[in-house]
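What follows is a group of structures, each given as structure tokens.
Each of the next two complexes has chain A plus one more chain, namely chain B in the first and chain C in the second.
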Partner chain A sequence: MVHHDEYHIHKAKILTPSFYVLLFFTVLGFLLIGVRFVKGIGAVSNMSDGYPWGIWIAYDVATSTALACGGYAMAIIIYIMNRMKYHPLIRSALVTSMFGYMLAGMSVMVDIGRYWNSYSFFIPSRWQTNSVMFEVAVCIMAYNVVLMIEVLPAILERFIHSETTRFPKLKHYALIIYPRLDKVLIFIVVLGITLPTMHQSSLGSMLIIAKSKLNPIWHTEFLPLLFVINALYIGYSVVIFESFMSSISFNRPFESEIQRLSKVIPYVTAVWLFVRFADLWYRDQLGAAFAGDYNSWMFITEILLISGGTFILMWRQYRTSPRMVFISAMLLLIGGGWYRFNVYLLGFKPHGNWSYFPSLPEFFITIGLVAFEILGYMVLVKLFPIMPKLHKHEAQTAQAH
Partner chain B sequence: MKTTRRNFLKTAAMGGALIAAPLSLRAQEEITANENAVGMLYDSTLCVGCKACVTKCKQVNDMAAAPAPTDKDRLWDSPPDLDYRTRNIIKLYKEDEDGKNWAYVKYQCMHCVKPSCVSACPVSAMQKEEGTGIVFYDKNKCIGCRYCQIACPFNIPKFEWPEAFPKIVKCDLCKFTNLKLKGEPACCETCPTGAVIYGKRKDLLAEAKRRLAANPEKYQKEIYGEYEVGGTNVIYIAGTTFENLGFPELEHDSAALMSEHVQHTLYKGFIAPVALYGFLAMVALKNRKTKQQVEHEHETDHELEEEIKKELKHKDGGK
Partner chain C sequence: MSDNTLFSTGLNRRDFLRLSAGLTAMMGLPYAMHTKVAEAATADNRPPVIWLHFQECTGCSESLIRSGHPDPAALILDLISLDYHETLMIGSGYQAEKSLEDSMKANWGSYILIVEGAVPLAEDGIYCKVAGKTAVESLKHASEGAAAVICIGTCSSFGGVQAADPNPTQAVSAASLIKDKPVINVPGCPPSPYNLLATVLYYLTFKKLPKLDALNRPEFAYGRRIHEHCERRPHFDAGRFAEQFGDKGHSEGYCLYKLGCKGPVTFANCSVQRFNDVGVWPVSMGHPCIGCTEPDVMFHTSIYDRCQIHEVTPPDFYPNANPAKRGKGADPLTTGVMGMVAGAAIGASAMLAKKLPKEGEDEDHEA
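Up next is the complex of A and B:
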């Protein structure tokens, strides 16, 4: 299971202009988080008793954890479907997943009112296993730990191969831990597939209880199934997106594995679209879905984005063009995220006169946390062996540039 | 890949559960209120809108005043709606401004027979008291996730948005205050016209039916809360429609039961997740072996092990 020769440290300057831009937004976000903790949630957000969940939940938790499903989706392909050729992509996917779930975790701590009581989750007498939220919370906490363990080998390798003698103790421990971790890592990896299957589906189940508030276009008992499939294609799209972005911003050639990966996506989205429409038909909601009102347009947008992305990837000539692959991945990311927003916010209408649009500070807290996530990723890949090693011929072309 | 039949069946557990959960025949367990469940009956036709119950509720439960925005002296308590300072409120429905057709309505927690907030709360901060069926809140367990607010079909739990250390606020039938001291909730104790009365749910339901039967022309035919979301312990009778009084039209099935049904199908005894893990681990281990064989040929594995051994030896020798 040792694939130490597949990855390398991206050797580049850490303190780039984009680093400072991201740092600015991170600091701004954290200042506003400070305001939230001193003056209360009402002081920085537009949430209300009618819309008790805003973008901190709809984006930072419900959508961002899907965007962080790259590690999950890749692990299924690599370890379960046994396509080892994709293995070089797993580490960067795992690191993005780690930061994505960290973002969700931090956001939850900002969002929950009585954060000092969160130890309640560790007191069995308080466990409430009927609660979907309980399953989601425990599962996401566990997965955060799993992701950190999965990323650990990259960190250890760095110390093992370090030439400087600055941290002799660290190197010693790394040498001891690494082979042992390597032996059990497969069990952690499998846990890293099981846990997201559980909590990604539960993220869908979460809104089942709000039946009178969630529009019937989205409210169905198939929410868990739809959410878990949605997480998969978002996961694959995000791996493509991320590889494309790093090939641009880090001046690396486009990874050839990505194009092969794009073949998988239409199968996944086709299943999703089938379940989505079959469910609407079964519940007799197709009419409402195409009625042409606000909710209907939100639904149509969601479907157009997802089927558009799927359509492009069905054609071989498009799959060979990195640009088209990137465009379709973007369509699927936005469409998949749109679906989650529909379920958590746009299709949610409580009884009475309530409305919600996020406030500026609310936006900037989310942006700050996302900036922090990207910042962490950019620093980590420049310190530890995470990026896939360039293939020989690709390396040559890269040098020629 | 060799898959035994048993293992195949095991995977079917989780994969299938996600599909089976919604389709499986739901033995919609009958939601029945406990014999001793207590609640309130509010008769809109008797209410004169004096709001004594609003004041008394605040007094007894130590709630802050909610002055109107125009009230510069901040002398008056005039809450516009239920909020974190107001557990109970009287509102007025008017058909038009000349006021021929009007009716008062009282809002507070409905104390559902199958409360969604209790089903939603991850840490048992919302609870339904055994026997009485009173739905109450424990701030010492609450994490402030506001899932109870999402879940409640009546939008009853309120959150202290302006507070740095907020809590959820909702009616608990004065469980810790008036009910404990005087045997009935403050609003019922103080109501001068008997528009809201306290009692066992079955008695209140019988009383409501008696009033409806005695004066069929005065009342709407339905008793709001008799069947809504599986029934509520606070029930309403009125002269005008419940839609006019601002109540949502709700199904008789409980969404909390639906949610628990899906959740229990997926997680009962934790069988499906464990089966999924076992199956995935088996496949992954099998794949790993073949991968290792391949790698053995390349001897990369071997090389690193040697490298590590050498390093360790080197270190030990150096000491």
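Up next is the complex of A and C:
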């Protein structure tokens, strides 16, 4: 099950200049979170009774969980479609997912007004099981645990294969846990596929209940389906993006699996675009979608970004070019995120003459959490075997650099 | 009474009580009063009513006989004793005139005179004659023994279309000619028949006139503006107006003020009582109110002129339809910083894309 020889520790200095830059933003973000808990939400954010959620939910929860769907999307392609050749990519995808979901969980804690009541979440008698938000919360919480267990083998391997004798006890326990974990890991993997399917659709269901507030261009009963498919292609794009990023910044050769993975994306986006337009047509909203007003332009931008990324990946000559694959992945990431922003913020118009734009501290809390996510990833891949092991000939070229 | 047939078998007990209760409510009386109203209506001496027509279109009579509760036969035969009505009575010629004289003599001092239409004064009033008498003479003669005079319709109340410029017959309202009797105006073009019926029954029940406003209109029916109870009022408060007939706002049922609706200056109960027993009235059909119950509006201003509104904003205790802007919007610093961050991210991605090789290995290389 676990192919420990597929991964290796990226041996490099941890304390790089980019490390310090990210650390600065992380510390700034956490300081502002401290202000939020001392002085209240109003002190750091522009949220109001009309807009009870702002970028903390629209980006940190709704969009970043989609960006964290790399692990989910890869698990589907590897375990459900049985394409084991992509297996070397899974661990880095899982680590991004783990940090992404941690970010979402933390954001919710920052965002909810009466955070001191949140312990009720662990008391089943206080559950409100009819709530869509409850499902999102349970799934995100559970998926966080699942992701940690899925990443655990990497950490255990580190201790098992350590040559130093600094932690003899740890090595001993790791040797006991590792084979047992290996046996049950497949069930955890199945959970790891089920849970995102549930809560990604629930993230869409959440806006179904806001029928009178969400613009009809986005409000549809198909929101859950659109959100799941959207999470899938964002997930694949993130894996591509992250692979190229680490190739460049860690000076590694490109992972050849990536280009083959890019072949999958146009099928997924085509289904999404079909559902999107069929739904608009069925609800007689195509006219509104292309009316040329503010909402219409937001919709057109979303569609142009997604279909642009799809279009590039439809051509074989573009798929072989790392540059074009990267550009199309970026287009899909921005387009997919744009769609979620449209649903959660831009197309959302509460009753009354409300307006919302994030405040500077609010924005820097988000930046801080994202910086923390990248920082964690950068440190983790340098401590534990997470990156795919280089193929022999690639390793030679890498040394030649 | 459940059907609106002309020939009815009369008013059955249940329908009669329902009518009494309805009219009691309309007059703004406590519910318990409806037995009194019913008693007054059933007393053997049904009120003798003499109805005179002058310069008019008979629309008010048409309106009355189109009331379904009660239907015309029950109204004329059971509820009141309509002794003289030029268009409804069976007799004609000398026979008709005789019944007028007989009724006046028999009920001297107690009959109700209802006048429909304006009275011409030019050239000694020769422009309106019935039975050889001019309108002025008939009115003077009939009002002498009347207990009260009810002027039904805008013509008899305020002059109406006859009195509009240039007024060649010098028509004046019937109300303005009666000085020695109590006068109740029930204006409208036509008025709701129930306003007349309620006025008559009020008088019979209490032997006194209902409370009247400055223009002698019963306050229970003409105490409030059309605008106050209009079903399109929320659109007015929200600033949604039909700009012209047949436009989007008009088809969506927006406020008709800009099409000339006189609802804000017209005192009447049309928006509440409505017409034809099926709950319709002009505004519900998409036409602005023409202000027919007001002496200075209808026939004196254009139907499509906008009226002057003195209380433009709704009262403070109404929920605000156009709330002030709330919530904090964008400030320059935040927008600038976010723009810089987004720009840096896009720039970095572009640089990265540039760094990536244009040509890569074939995708089937290792497959």
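Quick note on the criterion: the second predicted complex is superposed on the first by the 401 of 401 C-alpha atoms of A that agree within 3 Å, B and C clash if a C-alpha of one lies under 4 Å from a C-alpha of the other, contacts with A are read in each partner's own complex, and residues count from 1 in each chain.
Here is the rule we go by: a residue touches a chain if its C-beta (ideal position, glycine included) is under 8 Å from a C-beta of that chain, and two chains touch if they have at least 3 such contacts.
This is a predicted model, so every value here is computed, not measured.
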Clash or fit, chain B versus chain C on superposed chain A: clash
Partner chain(s) touched by A:Met245 [first = chain B, second = chain C, both, neither]: second
Contacts of A:Lys211 with chain B and chain C, given as first, second, both or neither: first
Partner with the higher number of touched chain A residues, chain C or chain B: B
Which superposed partner A:Gly352 touches (first chain B, second chain C, both, neither): both
First, second, both or neither for A:Val132, with chain B first and chain C second: first
Partner chain in contact with A:Ser48 - chain B first, chain C second, else both or neither: both
First, second, both or neither for A:Ser256, with chain B first and chain C second: second
Touched partner set for A:Arg323, first chain B, second chain C, both or neither: second
Selected from 4-12, 40-48, 76-84 or 94-102: the stretch of chain B that, after superposition, runs into chain C: 94-102
Those residues of chain A which chain B touches in one complex and chain C touches in the other: 48-50, 352
Contact footprint of chain B on chain A as seen in their complex: 1-2, 4-5, 37-43, 47-50, 52-53, 79-80, 82, 84, 108, 111-115, 117-118, 120-121, 125-135, 137, 160, 172, 175-176, 178-179, 186-187, 189-191, 193-194, 197-198, 201-202, 205-213, 220-222, 224-225, 228, 350-352
Residues of chain B defined as touching chain A within the complex: 1, 14, 18-19, 21-22, 82-83, 116, 119-125, 139-147, 149-151, 153-155, 157-167, 229, 246, 248, 250-251, 255-256, 258-260, 262-264, 266-267, 273, 276-277, 280-281, 283-285, 287-288, 290-292, 294-295, 300-301, 304-305, 308, 311-312, 315
Contacting residues of chain A [partner chain C, same complex]: 46, 48-51, 85, 244-245, 248, 254, 256, 259-260, 263, 316, 319-327, 330, 352-360, 363, 367
Complex contacts: residues of chain C adjacent to chain A: 322-331, 333-335, 337-338, 341, 349, 352-363, 365-367
